[in-house]
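By letter and in written order, the chains are A, B, C, D and E; residue numbering begins at 1 in each of them.
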Amino acid sequence: MAVIDLANPTRFLTLVNRVLPWLAAATLLAFAFGLVRAMHAPDDYQQGATVKIMFLHVPAAWLGMVGWSLMTLAALGTLVWRHPLADVAGKAAAPIGAAFTFICLITGSLWGRPTWGTYWVWDARLTSVLVLFLLYLGMLAIYWTAEDPGRGSRAAAILALVGAVNIPIIKFSVEWWNTLHQPASIIRLGGSAIDPSILVPLLIMTGAFTLLFFTLHLAAMRNEILRRRVRSLRLMQAQELRA
Amino acid sequence: MQLTADNLACVRGGREVFAGLNFSLSGGEALLVTGRNGAGKSSLLRMIAGLICISVGRLALAGGEDDAGIAEQAHYLGHQDAIKPALSVRENLQFWADYLGGGNVEPALAAVDLVQLADLPAAYLSAGQRRRLSIARLVAVRRPLWLLDEPTSTLDAPSQKRLAELMRGHLAGGGMIVAAAHGSIGLERARELTLGPV
Amino acid sequence: MQLTADNLACVRGGREVFAGLNFSLSGGEALLVTGRNGAGKSSLLRMIAGLICISVGRLALAGGEDDAGIAEQAHYLGHQDAIKPALSVRENLQFWADYLGGGNVEPALAAVDLVQLADLPAAYLSAGQRRRLSIARLVAVRRPLWLLDEPTSTLDAPSQKRLAELMRGHLAGGGMIVAAAHGSIGLERARELTLGPV
Amino acid sequence: MSAFTSLIVRDMRVAVRVGGGALMGALFFLIVVVMMPFAIGPDMRLLARIGPAILWLGALLATLLALDRLFATDHDDGSLDLLMMGTMPLELAVAAKGIAHWLTTALPLVIISPVLGLMLNVEWDAMGWVALTLLAGTPALTFIGLIGAALSVALRRGGLLLAVLVLPLTIPVLIFGVAAANAAIIGPAPFGPPFTILCALSLGALVLGPFAAAAALRHGLE
Amino acid sequence: MSAFTSLIVRDMRVAVRVGGGALMGALFFLIVVVMMPFAIGPDMRLLARIGPAILWLGALLATLLALDRLFATDHDDGSLDLLMMGTMPLELAVAAKGIAHWLTTALPLVIISPVLGLMLNVEWDAMGWVALTLLAGTPALTFIGLIGAALSVALRRGGLLLAVLVLPLTIPVLIFGVAAANAAIIGPAPFGPPFTILCALSLGALVLGPFAAAAALRHGLE
């Protein structure tokens, strides 16, 4: 195991080091472009300027879910193929996804104030997103308390699979229960229901945030791999001492 | 039937315990695993019992019921004897007999001389009596492979003799034994496997 | 100093284990308690350690610090080694050293050859390594009376030799040892006390 | 006896003799309910209104109390090793333990809930329905908790971690349980839909729980 | 280090490494509080009204979750035997364990309670008082629980039976705690009287608890 830990990710590291700068640059570009477009987007006739929150809210919500989905895939990688990189990918995704979910909650409730007249209502979508956030916290708790990384990642993987049930609930809560919250209006059968003048910048911003997500994720993965290297080197040292 | 290990390695807590281990054991044979504290005897037994997953190398048991894995055909007698203090001696044994595949309790109790204590709560047992209770498991349920981790510790002389008897009987019946110990366990003509630096 | 028991009896779980026990042990002497499983060896040790209250007879330790009871002047090494898996080896020992009256940890770790493992979590220790860790307690804190319950079980040969050394040293320093065992524990010229039907 | 039933019987015996979580759970349940009136004050209408919620919260937290030792005890005394070496698939063994736990911890709560309901002056006839929702919903709590218990053994961690992992997953159960109970007592919403969802959750947990828990235990092997 | 402090440090170390410690406690408390609205419904006024009760319940549960194993773990691994052979009187050792337990489970809750109070929209300034009641009251919970923990070790079987006798002792603490908190938030009843009673209870428990627990352990010797 120790052997694999060192060998296999090495190729991945070199790859990351090559890709990361470009990814970061692309992110910056996308944001610059997207922000400009967002600024010039017209205000909503009933929601006014608050509609601009959407440019932060929707991508955050979407990436919060992407984060968990990614962890679910990584979980399969960990449990089925026992691939060390899968551990790393899952662990790296957790805090980032949690952050985006948190942003989604904050922006959402800020947006709720003007539109619904309250920061919070207990409807299906908001609730399921909150559950998602709590699950993220549980996931982080596992990584905090696990004594050795292997053990922790396997437990986390199982929690990820179990928690995956929540994702479709979030996505379709708006269809299944009649909620206060917007039904899907961007991606849906029969074309989008949002005016292009808002839709286009929204899509660009979503793209930008997605790029940001993966930039952060790759960087986090790199750090995690390095951290594990240090750890296993320490253990080997201890072994040298004993032998 | 035959148990073979080829190029088996064990890593625990990120540290390599042993590596490149090869042995093969066939029906009626006993393997005595020895070595310093921390050499990996218990780890090896737990690996065979399927309680530690094998990272490198492979283990195979040929000639048993081929649908069942090694674990289902093995008895594991570890440092901890799976005994619930709240249950009586008989209840404890009865449960494991039922759970591990059905077997007859009374003769097993007799074989380890616990008949008089059968109705005491297991909390009342002394160290050696507890040990004997967990040995009774091996007698109650027939399984071809016995994995014994320092089986004689805390046993008094008569019990040690009785255990030796049981082991011989098991071998005579074509069973196999892999035992970890520091001294002898009363099995003459058992092959020896020494782990780690001698 | 001198440990005397007169007409000591032990009742556990409503059943009499032994009765009318008399012995006396003075500084530099060792007493080896033997007997069948369930004869009452561990019970006797726990009684001396004050962990079972004495129903009949009396125990006295003369010539120690007279304000302190027997328990405060004795080390008890039982079947369970009071080790917390979550703490490192050194942390475990350090705690007991501090709690039992202050002592020096490093030499103790060296005496049982655990220096290299000192910073591992105790969860990683093998059975014998755990045993050695609890033996280290005896070295870290000076107490005149050692109560050892099957001290050599799970120890490999070198460790057994090391333990014997420690015990001889303790006796030479005027200490006393009461040990329960089924085999020899490497102490020549130890008086023997056999409990129960032989 | 078959391996499955023998495991159930054994776990129940131990639970009953040692006391285990069962008593603690019931007692905590009682304390929660007794305390509420003091917390909220003598406003009886209000009490009746949040009565079901309180009962459900009590049930949830009580289940939690007993849960964290479910696999830990077996792990500590080496039983878990042997349970894994049985001829029966581990999933079934886990399920058996879950059932035993439900019978000794949750069922008593369900049974005494009507009495406690009276203390929260929920009408007697409505109480039957509330008890029914508890009966239908508590299996979900137990079997979701099963996963947490297995995880905390696999992680060699206990205490609050379990709660942190399990509670979020139980939120839907709580929501629909209370919704069904309220529907039964106050109306006007129909009792059917939330209740069916509750049953669905329990069934889902009954299937998913043992698999996830068994997986957690297996991967905890190192 | 002195025996007393070393025992506190050791217990806290174990608690933090095994249970995740303060962070976990905070997380747990957060989740418990977050779950309330699911059960009770989004009625903010009502939430504010029972906010203190919820905080107190959370505190009680968190205390109980860890408590029942307080001496059991030490008994199972033989530590208890050695703790009894120390030069320090057993009462002090027991007190040390109690303090460690309070520091690792109760204190974190007290510290974050104001934040959680906001989620239950209790006003910020009142929250200070609520936290104060928790600070004054939780020691009582811990040290009363101490007795139950000791009893359940002393009498292997039916130990819980006696815990059942002890746990109800916590009800007065909860009642006066919540009363004081409510007085601070809503009034009109004065804050002083219930609060002083609360402090009295804590002091009483601090003195009585260790003696009772130590006695229980000694008589548990057989």
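We take it that a residue touches a chain if its C-beta (ideal position, glycine included) is under 8 Å from a C-beta of that chain, and two chains touch if they have at least 3 such contacts.
For clarity, every value in this text was computed on a predicted model and none was experimentally measured.
Student: Going by average Cα coordinates, which chain is farthest removed from chain D?
Tutor: C
Student: Farthest chain from chain A, comparing Cα centres?
Tutor: Here the answer is chain C, farthest from chain A.
Student: Roughly how big is the turn, in degrees to the nearest 5, that lines up chain D with chain E by CA atoms?
Tutor: So the angle, rounded to a multiple of 5, is 175 degrees.
Student: At the interface of chain B with chain C, does the proportion of residue numbers present on both copies reach over half, so same, or stay under half, so different?
Tutor: Chain B and chain C contact each other through largely matching residue numbers.
Student: For this structure, which two chains share the highest number of contact pairs?
Tutor: D-E
Student: How many angstrom between the C-alpha centroids of chain D and chain A?
Tutor: 32
Student: Quick one: chain A and chain E, Cα centre-to-centre, how many Å?
Tutor: 37
Student: Approximately how many whole Å separate the CA-defined centres of chain B and chain C?
Tutor: Chain centroid spacing, chain B to chain C, equals 29 Å.
Student: Taking each chain's centre as its mean C-alpha position, how far apart are chain A and chain B in Å?
Tutor: Centre-to-centre distance between chain A and chain B: 48 Å.
Student: Out of chain E, which residues touch more than one other chain, so two or more?
Tutor: 17-20, 24, 27, 31, 38, 41, 76, 156-157
Student: Which residues of chain C are in contact with two or more other chains?
Tutor: Correct list: 12, 79, 120, 123.
Student: Of all residues in chain A, which are in touch with two or more distinct other chains?
Tutor: Counting only residues that touch two or more other chains, chain A contributes 127, 134, 137-138, 141, 145, 147, 150, 238.
Student: Enumerate the contact residues on chain B facing chain C in the complex.
Tutor: Chain B residues touching chain C: 12-13, 35-38, 42, 79, 120, 124-129, 132, 149-150, 153-160, 182-183.
Student: Taking the touch rule as given, give the residues of chain E at its contact with chain A in the complex, in rising order.
Tutor: Touch residues, chain E against chain A: 17, 19-20, 23-24, 27, 30-31, 34, 37-38, 41-42.
Student: So in the complex, which bits of chain D are touching chain A?
Tutor: 147, 151, 154-157, 161, 164-165, 167-169, 171-172, 175, 208, 212, 215-216, 219-220, 222
Student: If we count contacts the way the header does, which residues on chain B are in touch with chain A in the complex?
Tutor: Where chain B meets chain A, its residues are 11, 13-16, 55.
Student: Write out the stretch or stretches of chain D touching chain E in their complex.
Tutor: Residues of chain D touching chain E: 17-20, 22-24, 27-28, 31-32, 34-36, 38-41, 46, 50, 53-54, 56-57, 60-61, 64-65, 68-69, 76, 156-161, 163-164, 167-168, 171, 174-175, 178.
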